[in-house]
Amino acid sequence: MMRRFFDSPYAVVLVLAIVVAVLPLLLPSLFYLRVAALICIFALVVVGLNLLIGFAGQVSLGHAGFFGIGAYAVAIGPTHLGIPPWLALILGAIAAGVVAFLVGRPILRLRGHYLAVATLGMGLLFAMVFANESAWTGGPDGMPVPRLVLFGWRMSGPWTWYWIAGVTLVIGAWIAANVIASPTGRALRAIHDSETAAQVLGIDVARYKLIAFVLSAVYAAVAGAYLAMFDGLVTPEASGFLRSIEFVTMAVLGGLGSTLGGIVGAALLVLLPQLLTVFHDYEHIALGLVMIVVMIFVPAGIVPSLANLLGWRKS
Amino acid sequence: MSRLAVEGLGIGFGGVTALTDVSFNVEAGEIFAIIGPNGAGKTTLFNVVSGLYPPRQGRVRINDEDVTGLPPFKLARRGLSRTFQNLQVFFRMSAADNVMVGRHMHEKRNVLAHLFTLPSVLEQNRVTRAKAEELLAFVDLSDVADRTAGNLPYGALRRLEIARALATEPQILLLDEPAAGCNPVETEEIDNVIQKIAATGVAIVLVEHDMKLVMKISHRIHVLDQGHTIAQGTAGEVRTNERVIAAYLGRHGQREAARA
Amino acid sequence: MPEFLQFAFSGLTVGAIYALVALGFTLIYNASGVINFAQGEFVMLGGMVTVFAHAAGLPLPLAALTALVTAVVIGLALYRFAIEPARGASAVSLIIITIGASILLRGATSIVFDKNFHSLPPYAGSAPWIVGGAALLPQSLIVLGGAAAIVVALWYFLTRTLTGKALLATAANRLAARLVGINTNAVVGLSFAVSAAIGALGGILMTPITFTSYDSGTLLALKGFAAAMLGGMGNPLGAVVGGLVVGLLEAFSAGYISSSYKDAVAFLVILGVLFLMPQGLFGRGGVERV
Amino acid sequence: MTTHLRNSLPKLLAAAAFIVAASAAHADIKIGAVLSVTGPASFLGDPEKKTLEMYVADINAKGGVNGQKINLIIYDDAGNPNQARTFGTRLIEQDGVDALLAGSTTATSMAIIPLAEEAKVPFINFAGAVQAVFPAKPYIFKTPHTDLMACEKIFEDLKKRGLTKIAMISGKDAFGASMQQQCMTVNAKYGIDVLHQETYGPGDTDMTPQLTNIKGTAGIQAVVNPGFGQGPAIVTRNYKQLDIKVPLYESHGVGSKQYIDLAGAAADGVRLPAAALLVADKLPANDPQKKVVVDYKTTYEKNTGQPVSTFGGHAYDGLMILVDAMKRAKSADKAKVRDAIEATKNFMGTGGVVNMSATDHLGLDLSAFRMLEIKNGDWTLAN
């Protein structure tokens, strides 16, 4: 029973919905609520990125670029163009999708490490534009982001953003589960295992890679917009190389190809800096060690390895 | 009108010519074998015909339509499917999922519907799954439908690839050494499966080293050596062809000849 | 014309450093299939250890040797304690391990030494020579010459010594290499040691020009990786050419186009090349075997 | 693997429990600090952290403030504003601090400002940019001179020397970009024409191409280089190598001896605006700042073994202004301390004389900057 339940991608969505609903009751302060909201925001990126890396098997070291597009959309739209924040959020997500569509066509022809370096270059280009065009973006110091106002209600503070991010994460995980269980999801997994066989079976490989790329870009852009509005501030580091690496690390540590894994990975990397403050100067040594040790002992990522251990997955 | 027509096909890699002027036709319901010593160019021929490599010369036609140079997924949509000598199974997916991927072309591919799992998607998943189970039964793999493909034995994987290829409902099926690595019992099963498929009107092109199998089930045999056609005909004709014997004996000695 | 020469000198010097980092990437990748994002930290260690050993009273050559040995030991430790135990992990997992290692090394360096920038005295005076109206630093020549010497030594090692050939054989086919009796584990370990040594030498050569600090490795790793991919991963010649090209691109676009977008120009060119040649400039093309 | 998981889980939980326990209150004054101790701005955060630790220990050893010990909680945001905001939240909501000394950079300061405003916690930040305190918000203060002031000081000096046509080469980091922008807002006021502009990236190792272009621009009488870290040192060296003859001005971003060490002989003749701290020994004995800067310099260098920087000085000023305000307020009550900080008058800091008001939460004027010139590998007062 347990085994069957955990095989269904929807089980994760259900568990997630319950956790998101109950968690605030257990959190003692606004600080914890903020951390929980951050986990939801980053988990949203990773759930999307997992479709690309975990399912379609295409590595991207540049998704912070899309994260940045979302973040700057809600900053630039209202500030410079007079677009209401909620519309800027939607336009930002669409813009990220369109950019991913245009860039993805040529980039996704590359394989493996070549794709990695191309996406990395793409992400850097966005970061450079955000840092250099200071008339629009405020330069390296960044720019303030106006509050989201919905139906006359000003969205601010950890409580509001926890619920917005939490609900969006549940929806995002649900959509990911839908995709995974659909012909599109089967096509993506097929491409991951053998592009050649997938082609021969009539799968338009380029199209599906592009779908995964665009979807993951939209996830990242929405999350970026949320973080910018939550912090009330956006800086170019939102789209920096280190952010991209952080996203991939979250996905890999948690477990590629597992939606729950992505969420656990995001939680781990958001919590670690908070937990590791006890090490003071040795914080970074500890962080590096955790990354190495996790990958050595559970190379498939935390969640898939744990699931195997507990016998929830068929061998 | 031939199901598959190959005309004057040629390809090379760098300075090395791998195929020169290879031509043949395959008809509906026919089992057409391609044999030759190692390095004769059999798998290369498959790769060109199925669109993985673009040919340097020559044409490929499916049902009289010129399909030369089309990408593999477009060929698949015109009824061409294949298996692989060095298995290209989706190892991380279950056996049933492998076959379900084969149904891809016959499924509705509206991504927006997939995002929100409209009822039609659920219904379609059910239909696809049922079809996959049917095909797994056909190749006698029903009992492992939900096992991860990576954990299945070799012989089962060969049959799984066939079931997956059949899921596309091909008119032409290229089988690249379907019996390689199989024991006599498994070979026997594959032999049956191939004949059953041909009986449904599918044109089958077979590359196989197991001469016993080839001689037994092929209607016609095409012999390649160093990328050139050296003979074509029925099993009886090919067996007695001097160039064929020379090609095999010259390079591989008695063993292959004895098998033939 | 003097401007052109000046940009070229600048680009070649910076490019030589990128080339050394790219070579390190390539060697380890060839032997083990691992993309080692801690490669930049070897360069940083080369510089930092030399600086502090020198400051502690060691003569410069001895300080440099200390740095070299330190980097090699750390390279071997990285292989022995982080890469080898994770054998069989996916390529991305291994990348995460090397990123973890680079964070760890940076953290450790900032504690063992400090977080400041440091320099070394130039090895051959700081007065530039004027060549064709452009200033050329003696240290730039040392960097270029040193890089060339390393490349030649590496070429000799790989093609003329038994150990080097074993490394090439392992790169070509690990299983086959093992079957003919090569201890491939030792060879992969060796590739980490040699990469670390090359990185450290790069750091020792460049510190008088570029300075060094605990986190100067990150950017170098990024540029070196890009250079290695531009040249075609796994090809030492490609790594050297890739490094020089990236360096020259940066210098010329800073000089002729816009210094704000010089890195962007470099990456745009890399993207363009990869679209035309998906395996990089010197990558093994060929067809996929099915 | 199982044993490994079993062993590491309790440790992780213990770590979490430790955090909760550590934040359980005792009756000290709690001061929270979020600093960029690592990352690209660590050259700011590192001396700030050392300074705070040093002086809080010293204050506690002398009996604390108003009879209460100071409990200093420092978190490292690695220069990341999002992380800064999270730690800011943690300090305010979880640790319940009485005041904040935080924000090594403008971006990290801006991330924390709304939190402090909302929670009404006095917050003294170390941001360079002017927007951190203008317009003045009730609970927000800062100690470093603004980059606008640095521009004005440089332009004032240029004007005095009759050099009006300049080129700028700026770092693309937050510090350089912000100062470059500020300079472009006041150059007209001083009659300065900026004929040519170049930039360089934070990790760049050679600025020769940019300087070659500057050298090739006709009519340039001086070059200004807003930037921090190793960049200005490389610019200075390349400048000398290219044999550019016109005067070079650096910014207050190079306010530590490290710059001279890195740039070497090439630094001779370079001018920059900086706090008196850098020339502590050379100040005339009657200079009102002499005592405080000499004391700080001696203490810092003795304790850390590293050359003093003006950045650590900002943290010193912040801590001392805060402590002074708490003493005058005779409590750590947030609103009273805020009022007391705003009432700071004639406070002698390493950065200058501080006179706060309801509209000026910085309290420094241009006189806080000294124009320095580097001679023979050491700072000297220009003119």
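A, B, C and D are the chain letters, set down in written order, and residue numbers restart from 1 in every chain.
The rule is simple: contacts are C-beta pairs under 8 Å (C-beta built on N, C-alpha and C of every residue); 3 or more make two chains touch, one makes a residue touch a chain.
Everything numeric in this text was worked out from a predicted model, so none of it was measured.
Trainee: What chain is the most remote from chain A, judged by the mean position of CA atoms in each chain?
Mentor: B
Trainee: If you average the Cα atoms of each chain, whose average lands nearest the overall Cα average?
Mentor: Per-chain C-alpha centroids compared to the overall one single out A.
Trainee: Determine the centre-to-centre distance between chain C and chain D, using the mean Cα coordinates as centres, and give it in whole Å.
Mentor: Computed from C-alpha means, the inter-chain centre distance equals 34 Å.
Trainee: Where the centres are mean C-alpha positions, what is the separation of chain A from chain B, in Å?
Mentor: Roughly 41 Å, centre to centre.
Trainee: CA centre of chain B versus CA centre of chain C: separation in Å?
Mentor: 46
Trainee: For chain B, give me the residues that contact two or more of the other chains.
Mentor: Where chain B meets two or more other chains at a single residue, that happens at 52, 84, 88.
Trainee: Two-or-more-chain contact residues of chain C, please, as numbers and ranges.
Mentor: Touching at least two other chains: 107, 110, 260, 263, 288, 290.
Trainee: Scan chain D for residues touching two or more other chains and write them down.
Mentor: In chain D, 38, 172 touch at least two other chains.
Trainee: Per the contact definition, I'd like the list of chain A residues that touch chain B in the complex.
Mentor: On the chain A side, the touching residues are 175, 178-179, 181-187, 189-190, 192-194, 196-205, 211, 257, 314-315.
Trainee: State the interface residues of chain B toward chain A in the complex, per the touch definition above.
Mentor: 50-52, 71-73, 75-77, 81-82, 84, 88-93, 97, 100-105, 107-109, 111, 113-117, 121, 124-125, 128, 146-148, 151, 164-165, 167-168
Trainee: Which stretch or stretches of chain C touch chain D in the complex?
Mentor: Residues 3, 6-7, 9-11, 13-14, 17, 107, 110, 114-119, 126, 128, 135, 137, 206, 209-211, 213, 215-216, 218-219, 251-252, 254-255, 259-260, 262-263 of chain C touch chain D in their complex.
Trainee: Using the touch definition up top, name the residues of chain C that touch chain A in the complex.
Mentor: 35, 82, 85-86, 88-97, 99-108, 110-111, 222, 225-226, 229-230, 233, 260-261, 263-264, 267-268, 270-271, 274-275, 278-280, 288, 290
Trainee: Using the touch rule from the top, collect the residues of chain A that touch chain D in their complex.
Mentor: By the definition above, chain A touches chain D via 29-32, 34-35, 38, 131-132, 134, 139-142, 144, 158, 227, 231-233, 235, 237-238, 273-278, 283-284, 293, 297-298, 305-306, 309.
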